[in-house]
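So, here come the structures, one by one.
There are two complexes below, and they share chain A, which is joined by chain B in the first and by chain C in the second.
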Partner chain A sequence: MKKDKKIKLVKHCFLIPSSILFAFPFLWMVFGIFKTNNEIWQTPYQLLPGAWDTGRVLDSLQNIQFGRYIFNSFYVGFVGTIVMLIASTLFTYAIVFMGNRYMQWLFYLVLAIYMLPGAVTYVPVYVILANIGLVDSLTGLMFSYVASVFAVFYLRQSFKKMSKDYVEAARIDGANHWKILRHVIFPLNKSAFYTVFVLTFVQQYNNYMWPSILLKDQNKYLISQGLRQFFIQDGAYGMNWSEVMLASTVTIIPVIIIFILGQRWFVTGIMEDSGLK
Partner chain B sequence: MKKMKKIVVLFVMIMMVSACGKTTDQGTENADTVASGAASNTTASKDTKIVEPIEIEFWHALGGSLGDGLHAIIDDYNSTQSTYMVKPVVVGSYSEIDEKLQAAYAGKTVPALVVGGSQDVFFQKGLVEYFEDYMPETYDKEDIVGGFLKAGTRDDKLAFAPAYGTSQVLYYNKAVLTEAGATVDDLGTWGTLAGLYDQVKGIDTGVNTIEYVWEPMWGNGNIADMASSNGGRYVSDDGLTVTINSPEWVEVLEQVRIWIHDDQKMRIHSGGQGWEYWYKTMDDWVYGKSLGYTGSPGDYVIAFDAVKKANEEGYINEFAVTHQPGFGNHDPAPYFSSLMYFIPKADNITEEQKIGAADFVTFATNTENTAAFSIATGYAAVRNSVLDFPEYQEYLTNNPDADAALKQIDQYAVPEWIDPTGGAIMDALTEAVDKVEIENIPAQKALDAAAEKAQRELDKIKQ
Partner chain C sequence: MKAKFKPVFNMSLLGFYFYAYAKVVFLFHRQGGKKMKHKKSVQIGFLIPFMIPLILFWVIPLIRSLYISLTDWDYISPTYNFVGLENYSYMITDPDFFKVMQNTFVFAFGTIGLTIVLGLMFALVFQKNFTGGRIYQLIIFSPWITPTVAVALVWSWIYEPDRGFLNYVLGWFGIEPLKWLHSSETAMFGIIIFTVWKSIGWTMLFYLGALEKVSKGAYEAATIDGANWIKQFLHITLPLISPTTYFLFIINLISSIQVYDQIQIMTQGGPGGSTTTLLYMYYQKAFQNFQMGPANAVAMIILVIIMLLSLLSSFLSRRYVQYE
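Up next is the complex of A and B:
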């Protein structure tokens, strides 16, 4: 019992400073909402603001006008991820459960593409989208996300860890591929699906470089581009840093909510083997 | 059955969100169509022929007061004629313009007009039209300030149209300088300027005290200006040897290293998001932590306002601007550059659009608009006639040192050096300057490594 307590104490001694370290940038951002520019940059730095002026924060909230950008990001993140998940699930099902040697080679080919740096694909993908008239559109942006090698790889690992007995039993009972996917694969790999969903959603929600190349119309900008507007202003000295902090906080709140809501599934997906429960 | 219902509900939700997105995607477009349709009907009742304006897509990276100044000119242009419609697209930065343009050239979605970015790199690849080929007769080429004209000319033809000029100048706190018993003459050379450290250190500026005598701006620009004064050149006269590790360069950079790291008389802000390092450098001067900083003429308007605001908050700062010092006993010789308008060469742009782009440039850079833009932003005007423009003359009388950049360009500045490798020599120099200014590596070592790297790139194009 004493030994357990000692281990617990050591764990906490390590975890508490680590937690503070990881939480610090977030706290700095949140407290920054209430600080003046001088308070933010003054040395020595101060974590807490001099005054908690909520009236000014509410005014700033009306100034930043991020509604459109948040909607665009949410739209691309949510719909894009769902469509990507459907496409990846079908592909992964084919290579795992309808496998023959050609399917394996197909998978290796897809895996090889994963090794390509993202920036290398910008121009070819842009040309494809330009040829089908999808440049400067959110549909084009989501279309470019449909094939996700990460999702295929992650789901394949999860599907392979699952016992094939369930799939065979379903086949014996006369289930077709759709039924097997719906009633066997999906329930047994929920955490993997959720993990892929959250990671892809966050990546698409926050993406900056690719959308900034593809999109021209300011009405279609994602939240990351909206946030960048605060920094790009050539000669925009005197920017209101507390507004920047507020905009950054507003930006990440949806992601945090999604993570908190599905934390159980997410952690299970990362920590445990899927399938055999 | 219950689960089936859930799937159907989820599917319907996705479709609704998707449809909603499409509606918003197309909403503005539909509204525009309806509006233009309504307008067209009205016009049609008067004239039988309906002429849609030719759209000129125009990419720039100007925000804040610069962006406002440019957009005011665009609105003015669009409302004063009906043949062309300029549609601005604000891009994140000059480097993003380059990235976006590369993709656009490949995808054949290039805009009709661009300002900023690496126009020379694209020109060398044959991707830029000569501005002179589309220049209307009303464009007064002879009125452009000589240096800017030369900078925009390739093969004896105007390839790019100068938009505005810039050359880094000194912003300083006159109140602190006076308190230290010095005058602007003491800012005549970098040596005398650095020598003011003991006199200005600790002077009370209301809320803060002076900690540094000077804050050069991060990057190779300020160092290149000092080296230029000291006789340093990028390449040898025959253009075959990189000379950024010559004694003139090493002397300058080593001295800056000593001022920053050994003596701690100067300070460099680096990194951060976008222009964060620039704003932090300005902040230190505005709020009385440094005697001054080396900045862009484009800082003038905002810096002037910031100092006024700081004064109201109790900070002691008297706004003043002057030309750059010389290095050693040499005269100042800072580089000046001009932001250029250019018309990309691509199949997706029609001849009418190119003519329209040149027409807009002519409008945007006429004497009146050049003066207005210069007054709004602080940048140096590219036309000689601006100096005789009454509103500009009045502006100069009401704003202290507002013509500091223009005077510097006129008296001391030399044209910006064009990197024949398309940026490799500049990149190597930037790397060396970072090593010295941030990592405290001896200048000789950093510049030797940079010169070796740059020479390899130069050799590639000279072979």
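Up next is the complex of A and C:
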């Protein structure tokens, strides 16, 4: 018993400084909102600001106008991920439960693509999207992400783990595919669906390279691109640090909230599937 | 290459998409209750919403990339010449290209090594649940979910050579200030530290899951045999979690060869090209200089490197990784 306590103490002694190391950039950012430029650069450093001037912060909040970018990112994150999930679920269902030789080959195709870097196709994908008139549009951005190889890979792993008997039983009872998906597949693979959803959402929300190639109209920028634009518009990293810190914080808050809400599913989802090959 | 059909409306494709989907739903209802036999039309209906984008955005582009890499297309002019392997032979003789390859590998292996070792270390600390463990986990994980752009700014302040925080901390230990992102010698190191900070949490979570599956019986038997914790770690834990290590290695490898965000935001490939990696070079060639041929040759090389490394590691895994 005594030894256990000692180990715990050692763990805390190790984890407290490490957590500070991990959280420090965030803390600095949040406190930076209330600081003046001089305060940010003064040495020795002060973590806490001299004054908590909330009025000024609210003014800057009006100034930075991030609503549009946040909306775009959420739109792409939600709609894009849901369309992607529907397509991947149908596809995975077909491969796993309507299996025949051809389906197996389709899965090998997906598996081969899973290993490939998506970025190497940016030029031809851009050309293809230009040909169908979807460049510089959020629809085009979402469409290019519908075929998520990762989602199929992950869902298949989860579908395979559940017993096929449930599906067979439901079919004998006269359930159609739609009912099987809704009442058997979805409840039994909830954790996998949530994991894929949160992961894809976060990835879409944070996405930077491909949107900044595809989207040129500032009204269509996603949040990362918008934030970058905000940094560089006043020359080298802007003049007003507290506004920049505020913009960064505003960018991070939604994704942190989504993550905290979804972490029960998401964290256990990753941990359960970590044995996957 | 040339086929150009003008779209009448922008949303038509997504519209078609949902139409196809509605069709599938309709087919479900007619299909219901029938025996095990799967109708072809239903199967196809299930596959189409995924197959169209898969072919449109993966299969065709991969073939096209290969083809474009053999031409001198510049995106703007409608004509181009077929130049064979010229783009490749030019690249092989270009010293800049070797610098870029070297940068990419230094980044990839530096990041992967540190991330895996530190991620495993943190996972071992969390192995037995204790009060407050979850909160520490959340903190360590949070950099992974935040957009690179949003945290890059604070990091540029940390790395600032004159008044930056990192040099200030190093000063406590009597270490001379470094120029970090402003010097070609330390810039890549700075990028690696940032990337490791961002990705440890993710690796840690995967290891935590793997550690949970190691059976308690194995440890108990080892304790009875008098094995100390170093021996237990080397002979029980490490072999049993090797599939996860293999998985993490592959995933991290693929993502770090494709590193772009932090480089574009923090250094733009500089100073003096010291942080230009393969994908950043691809971006510069394709979307800044419009040299589509050479750009896609870079893409093909990225592709080949990743394929070779995956094959090599799956060969190694067959020898060294233990599956239960």
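Heads up, the rule we're going with is that the second predicted complex is superposed on the first by the 244 of 277 C-alpha atoms of A that agree within 3 Å, B and C clash if a C-alpha of one lies under 4 Å from a C-alpha of the other, contacts with A are read in each partner's own complex, and residues count from 1 in each chain.
In this section, a residue touches a chain if its C-beta (ideal position, glycine included) is under 8 Å from a C-beta of that chain, and two chains touch if they have at least 3 such contacts.
This one's a predicted model, so the numbers in the text were calculated from it and none came from an experiment.
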Inset, instruction - Give one word, clash or fit, describing how chain B and chain C relate on chain A after superposing. - result: clash
Inset, instruction - Considering only the touch criterion stated at the top, classify A:120 as touching first (chain B), second (chain C), both, or neither. - result: second
Inset, instruction - Identify the partner contact of A:257: answer first if only chain B is touched, second if only chain C is, both if each is, neither if none is. - result: neither
Inset, instruction - Mind working out whether A:58 is in touch with chain B, chain C, both or neither, as first, second, both or neither? - result: neither
Legend entry - Which of chain B and chain C A:75 touches, first, second, both or neither: first
Inset, instruction - Please indicate which partner A:135 is in contact with in the superposed arrangement: first for chain B, second for chain C, both, or neither. - result: first
Inset, instruction - Have a look at where A:11 lands relative to chain B and chain C in the superposition and call it first, second, both or neither. - result: second
Inset, instruction - Return the chain, chain B or chain C, that is in touch with more residues of chain A. - result: C
Inset, instruction - Have a look at where A:228 lands relative to chain B and chain C in the superposition and call it first, second, both or neither. - result: both
Inset, instruction - Answer with first, second, both or neither: which of chain B and chain C does A:88 touch in the superposed model? - result: second
Inset, instruction - Check whether A:48 is in contact with chain B, with chain C, with both or with neither, and answer first, second, both or neither. - result: neither
Legend entry - Clash-bearing segment of chain B, relative to chain C, as chosen among 59-67, 77-85 or 95-103: 95-103
Legend entry - chain B and chain C footprints on chain A, overlapping residues: 41, 122-123, 127, 131, 137, 139, 213, 228, 231, 237
Legend entry - chain A partner contacts - residues on chain B that touch it in the complex: 7, 14, 17-18, 20-22, 24-25, 28, 57, 61-67, 89-93, 96, 99-100, 102-104, 106-109, 273-276, 278-280, 282-283, 287, 296, 298-299, 301-303, 305-306, 309, 377
Inset, instruction - Under the touch definition given earlier, write down the residues of chain C that touch chain A in their complex. - result: 3-7, 10-11, 13-14, 17, 21, 24-25, 28-29, 31-33, 36, 38, 42-43, 45-47, 49-51, 53-54, 56-62, 64-65, 68, 122, 125, 130, 132, 136-143, 145-151, 153-158, 163, 165, 168, 197, 200-201, 205-210, 212-213, 243-244, 246-247, 250, 254, 257-258, 260-261, 264-265, 279, 282-283, 286-287, 292, 295-296, 299-300, 302-303, 306-307, 310, 323
Inset, instruction - Under the touch definition given earlier, write down the residues of chain A that touch chain C in their complex. - result: 8, 11-12, 14-15, 18-19, 22-23, 25-26, 28-29, 32, 40-41, 43, 45, 83, 86-88, 90-91, 93-94, 98, 103, 106, 109-110, 113, 115-125, 127-128, 131-134, 137, 139, 142-144, 146-147, 149, 152, 171, 174-179, 202, 205-206, 208-209, 213, 223-224, 227-228, 231, 237, 244-245, 248-249, 251-252, 255-256, 259-260, 263, 267, 270-277
Legend entry - Contact set on chain A toward chain B in their complex: 37-38, 41, 71-72, 75, 78-79, 82, 122-123, 126-127, 129-131, 135-139, 182, 212-213, 216-220, 225, 228-229, 231-239
